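A quick write-up on the structure given underneath.
By written order: A, B, C and D. Residues from 1 in each chain.
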Amino acid sequence: MIIVLKANVSDEDIAVVEGKVTEFGYEPRVVQGVERTIIAAVGDEVTHKSLETLQNMPMIDRVVPIQKRYKLVSREFHRAPTSFNVGKNKIGDGNFMMIAGPCSVESREQLETVTKDIIASGVTVLRGGAYKPRTSPYDFQGLREEGLELLQEMKDTYGVSIVTEILGAPHVEKVAAVADVLQIGARNCQNYHLLEVVAGAGRTVLLKRGMSVTVQEWLSAAEYLLVHGCEDVILCERGIRTFEPATRSTLDLSAVAVAKKETHLPVIVDPSHAAGKADLVLPLSKAAIAVGADGLIVETHPNPSEASSDATQQIPSGSFDQFMSELQPFIDICFENRAK
Amino acid sequence: MIIVLKANVSDEDIAVVEGKVTEFGYEPRVVQGVERTIIAAVGDEVTHKSLETLQNMPMIDRVVPIQKRYKLVSREFHRAPTSFNVGKNKIGDGNFMMIAGPCSVESREQLETVTKDIIASGVTVLRGGAYKPRTSPYDFQGLREEGLELLQEMKDTYGVSIVTEILGAPHVEKVAAVADVLQIGARNCQNYHLLEVVAGAGRTVLLKRGMSVTVQEWLSAAEYLLVHGCEDVILCERGIRTFEPATRSTLDLSAVAVAKKETHLPVIVDPSHAAGKADLVLPLSKAAIAVGADGLIVETHPNPSEASSDATQQIPSGSFDQFMSELQPFIDICFENRAK
Amino acid sequence: MIIVLKANVSDEDIAVVEGKVTEFGYEPRVVQGVERTIIAAVGDEVTHKSLETLQNMPMIDRVVPIQKRYKLVSREFHRAPTSFNVGKNKIGDGNFMMIAGPCSVESREQLETVTKDIIASGVTVLRGGAYKPRTSPYDFQGLREEGLELLQEMKDTYGVSIVTEILGAPHVEKVAAVADVLQIGARNCQNYHLLEVVAGAGRTVLLKRGMSVTVQEWLSAAEYLLVHGCEDVILCERGIRTFEPATRSTLDLSAVAVAKKETHLPVIVDPSHAAGKADLVLPLSKAAIAVGADGLIVETHPNPSEASSDATQQIPSGSFDQFMSELQPFIDICFENRAK
Amino acid sequence: MIIVLKANVSDEDIAVVEGKVTEFGYEPRVVQGVERTIIAAVGDEVTHKSLETLQNMPMIDRVVPIQKRYKLVSREFHRAPTSFNVGKNKIGDGNFMMIAGPCSVESREQLETVTKDIIASGVTVLRGGAYKPRTSPYDFQGLREEGLELLQEMKDTYGVSIVTEILGAPHVEKVAAVADVLQIGARNCQNYHLLEVVAGAGRTVLLKRGMSVTVQEWLSAAEYLLVHGCEDVILCERGIRTFEPATRSTLDLSAVAVAKKETHLPVIVDPSHAAGKADLVLPLSKAAIAVGADGLIVETHPNPSEASSDATQQIPSGSFDQFMSELQPFIDICFENRAK
C-alpha cells in the first residue's frame, strides 16, 4: 500500500507512521517528494491487515491500496478462459449461450408454450422465476414450489436445462434439486450469507451484478463463491442505477469489457431487466454480443401484456425465432472461429 | 392508473385499450387531449393487477401509476408519529435516540472500554457487529457467536441495549436472544426473504436504506416488515452511491426530510458509513438532527487506527463525551418542546 | 397534463384546482378514482404555461406532464431519418461515418501523421481540438489559433473534413472558417447561449450529451439548435457519470437506442472519452455499431504516451487500419442494405 | 505520482518506465513490493506534464496522482478563511449571509413585493434571474435587459445588493453594471471560457457546483476564477444528479463539509433548486447551517403558484419572516461566537 502524507509533516510524524507500518507487518520505504512525502508499505495486502485504518492519523492524507481484493476469479491467477457445460450446452472460451424464458413461471400452459417456442428457435436453456423478489409485498411473489414442479416437468419432457433464482438459504435444497443453474439476483449480489450457502450446492451459479455494485465488488462477490467451493460461476451484467429515467437501469456494457479482461469466468448480459422495454432488447442484445459477452439471458413470454411481472420487457415467445435470427449474424462474427 | 396513448392513435386502438382496462377489472375513462388521448383507469391499484403490463401494446406511450405501493408505513394510513422503547430509551414522536459503538466487536477489552465511554457520555444503546458483511472474503468476518456473547455480557453488566446486524435467516434465533434491535444492513435492504424472517422475531428492526434504493423502495421494504408482523421499525439513512469520491457514500439528508413526511416510523441517520471519514461525522450529525432525524447511529472505537473494520470512520470513544456535548445544542433546539 | 390530488380532498378543493386550470387556459376534466381524484388538463402544453407550478398547492400531490418538450427533433414531427453530407461523406439514414483524430492538435508533424494514417484506413473526417476545455487551469489549453491553422492546412493538403470543438461565442467566426463540423463538448451541452450562437454559424453541429444530462434534456438542447436555424445536427453519446470507477464514464448505449427511436437526427458514439482506456475502445466501438449508432468519433494519436491530453484513451494511429478492419464486419452487417 | 506496474513485469520493463519518468522530468524511485513493483516519480505535478499518459504502456497497471490540481483555492496555500463584503453584508470567517429572491424577475410589482418582504425579514441581498437557462427553448427565457433594469431599480430604491446569473460572455458588461455578485449556474460550472471572462469583471462571483461535478473539479473550476484575477468567490452547493426521484437533485451536504476543509473560500447552499419542493427548503436550510455552510440562497416569490419558473420550490415571500425566525436558533448556535 501507498501512504500519502499531508503537506509539511515533520520528521517525527514520518517516524510515527513508519512505526505503525512496521507494527502491521509491512516494511516501510519512505520516498520524499517535492511537495509530499509518501511511504510505500511492502507486504502482501491480502494476508496482512489493511493499512487503510491509518487514514485516521492526523498526518496522513490517504492510503492507496495496490493489490486487488480477489484472486481466484482473476486472470492473474488463472489465465485461460474458463468454460463448462450447463446441461448439454457449453459456455465460455468461445462458446455462446442463450438463456431464455419468462420472468415468472405462471402456469403449465404458459411455461410449456415458451419452452416449445424457445426450442423451436434453437435454445435449450430455460429461465423462469419460481421465487420472485418483488419491490412491494403486495405484488405476485411467484408460484414457489408449484413453480419448481413445473420447471422439473419441462426438464423431464423437453430436455431443457433450468436457470432459476434463489432468494434464501432455506430454499437451496429444493431449488438445487430442479435447477442446473442457481441464479443470485441483483438485490442479493452482496448477500454474502446466501453466496456461501449457494456455493456449496453443487450447481453452477449465475451471479447478477447489483444495481450499485462496482466491477471490483462484483468480482469480490464471485470470489466468495469460488472460496466456498463453487467453480462454475457465470457473471451477469443487468444494468446499474443512474439518473437516466429513459430505461429501467443503465446497461453497463463497458463493465462487460472490463470484466472480460479481469476474470477468466464467463460473463453474460441481461438486456431485458436493464432496458425494461421489449423494443430495446434486440439492439442491446446485438451490442452485448459485439462487446464480447459469452451469452445472453432474455425474457420471453407467450403473451407479455398478461404477464404477472415485468411485462413491459418480455418479448413475445411466438416471435423468438425472429429475434434469434436477427442476432445470428453477430453471433457468427464473434464466435465463428472458436465455437465449433 | 393513467394510460397515455401515442400521438395519432385511431378510435379502434382506443377501444382495444379500453377493453384491456376493463378486462383487468378497472373502469376506463377516456380523456381526449389536444395532442394525445389519455385513459384514466379507475380501480384500486393495490388489489388489482398493475396495468403497467400494457406498456407493451403498440399504441401505448406509457402507464403512470397514481397510488403508492405501500400502506401500513404511510402517514395516510397512520397519521400520528410512531414511538416505542428500545430498552429504557424511547425513540420517535419527539424523542431523540443516540446509538453508538464500534463497527465490529473485537474483544472484551475493546467492547467494555467503548461501553463505559458511551455510558459516560449519557448513551445507553450500544451497537457492535458480531456478523460482518465484508466486500472481500479475505476480510475479517466478525467474531460471530463469540461476539454475541460479549454483547450479552455488556447488557448484563452495564444495562445497555444492544443493536447488532443480522446476515442470514439461520442466525435469527441466536441474534434475537441477545439483541434489542436487529439491524438489516444496506446490502440486505431488499433481501425480502430475510425481511420476512426477521419480522417474525419479536424484536425492533432497524432497516438501513440500500445504496441504490429509492425512498419509495425503502418504504416498500419496510412495508414487508409491517405486513409480516413487525411494528417497531426504525428506518436508517446511511448514504447512497453517487459519482462523488470525496466521501464513501453521499449522505442523502433530503431523503430523511422526505421520509419523515411520508411515514410515521422513526428515521435515523448513520453519518459514519456515509462519510467514511471520522472528521466529517460531527458536522453531518449536526445536520442530521437539524433536518429532522429522530436519532443517530455513530461508530466509536477505543483506538480507531487499530480497528478490524471501517477504521477511518470511527470516532475515538475516549472523546465521545466531547462529541455529544457539541451535538447537545442542536438536540436542545430540535427536541426541547417534546422530549421531556 | 394530469394533476393528481392528495387522498381525501374536499369538493371545494377540487373546485379550486379546476379554477386554476381554467385560468391557465386549459380545460379541466375531473376523474374520480377509488382512492384519489385526478384532473386532466386538456390544452397544448408547449404553447400554454406549465401547470407544474400548481404543485405548490396544498391539495395537489403531483403534476404529470403528458407532452414532450421538444418538437423539431422528434420523429413525431419528422418521421424519416435525416441525412446530410460532411464534406464528401454522408451521415444518417443508413450511412456510416467514422471521425478520427487526436484529442488535441499538438504540432504539424503530429497532425500530419495522424491525417495520413486515417486516410490510409479509409477515413476522411478528421477531429482535433484547438481550444481545449480542461479541468485544471494548469493543464494544456490547446494551441488555439495556431491549432486552427494546422487543421486548415490538413484540409487544404489532404482534403479531409474537419471536426473541432468550440468553447465560447467569441470564437465562432474563426472556428467556423475552418471547421465543417462545430463540436459542442459535454460540459457545454446545456450552455444555451453557446447553442444559440453556434446554431447561426451555417455549419453542421455535433452536440455531445452532457455527463448528467438525460436523453430528454439532450434532445431539448438539440431543439435549441433547430429552433435557432441549424438543421444539420449530429448527436453524440460519450458516457455519463455514475458510481463506477473502472471506466472514466459509463457509456450509455441504451441511450443511443432510445434516441434513435425518438429523433430523426443521426446519433454517433465517442467510445474514447467514455472508456478513458485505449484497450476498451475496440469492443465499445463494435457495440456502438451493433446498437444502431450512425457513426463513431475515435481518438487516435501517433504516439499516445506523449499526448498532451487524454493520452490513455488514444489508439496509436499507426494501427488505425487494423482497428478499422476489425470493425468492418460489424459495419457490413449493420449498413450493408442501405449504405450504398 | 505513483506508477503501479502490472504483476510479473521484467527488469527491462521497469527500466523502460524509469526512462520515461526521467524523460518527463521526474526522478524515478523504484520500490519492489511482494506482488507488484511501484515507481514513485518525484517532481512537481502541477508544473510538470502528467504521467497519466503512461497508463497506455503495456506494463503499467495505473498511475496515481499525489498532488491536487488546484492551489490558490486550497487551505494549504491560504490557511485562514476568506471573508469579504457583498454590499454592506459580510460573508465568510464566521459571518452568515442570506440571499433571497425569486427564481426569475417577472415584473416590477413582483420584484418590489419580494424585496420589501425580504427586507422585513432582515435580508438585504436580493437574488433574481434576468437571463434564465431553461431546459426547453419554449420555456420563459427571462426578461433579460428589462429584468436588469428592475434589479437596478430595487438597488437604487431599497439599497439591496444584487445577485444575478450570467449566461454568456457578451452579457458580462451589462450584468456587471447592475450586479454585486455574478452567478455562474450549475450548467456552466465547467464553462471555462465564461469563467475566464467573468473573472475579469471586478465583481464577486458565485460559482454553483455542476450537477455531476466532483468537489475536486468544482474547486478546480474556482481555481480558474482565482487564476484569472477574481478573489471574491463564493462556492454554492445546489444538489447533484443521482438515481433518487423524490427530490429534483440530491443535496450533497457532505460536500459542503469537505469543501470547508479543503478551501478557504466561503461555501453556501441552495436548498431550493436541490429539493425542488418548497416544503423541504426549511429542513434543508437548517441542515445546511448545521453542517457548516457560510450562507444560503433561497427562492421566494409573492405567489409561487403563478411563478414563471421553478414554481414548486419557491417559498411565499409573505411568510419569509416566519422562515427566517425558524432558522434563527441554528444561526445563533453556529455563528454566535464570531458573527458580531
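One rule holds in what follows: contacts are C-beta pairs under 8 Å (C-beta built on N, C-alpha and C of every residue); 3 or more make two chains touch, one makes a residue touch a chain.
The structure displayed is predicted, hence computed values, not measured ones.
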Same-site or different-site touching of chain A by its copy chain D, using the half cut: same
Distance between the centres, which are taken as Cα means, of chain B and chain A, whole angstrom: 26
Whole-Å separation of chain centres (CA-atom averages), chain B against chain C: 38
For chain B, residues contacting two or more additional chains: 212, 240-243, 245
Overall pattern in which the protein chains touch one another (line/ring/star/complete/other): complete
Touching residues (chain side chain A, partner chain B) in the complex: 20, 46-47, 49-50, 52-57, 69-70, 133-139, 167-171, 187-188, 190-194, 197, 210-212, 217, 220-221, 223-224, 227-228, 240-241, 277-278, 304-308, 311-312, 314
Residue ranges of chain C in contact with chain B within the complex: 2, 4, 7, 29, 31-36, 38, 40, 42-45, 64, 66-67, 76, 241-243, 245
Chain B residues touching chain D - in the complex, by the definition given at the top: 212, 214-216, 240, 242-247, 250-255, 257-258, 261, 274-275, 279-280, 283-284, 286-292, 329-330, 333
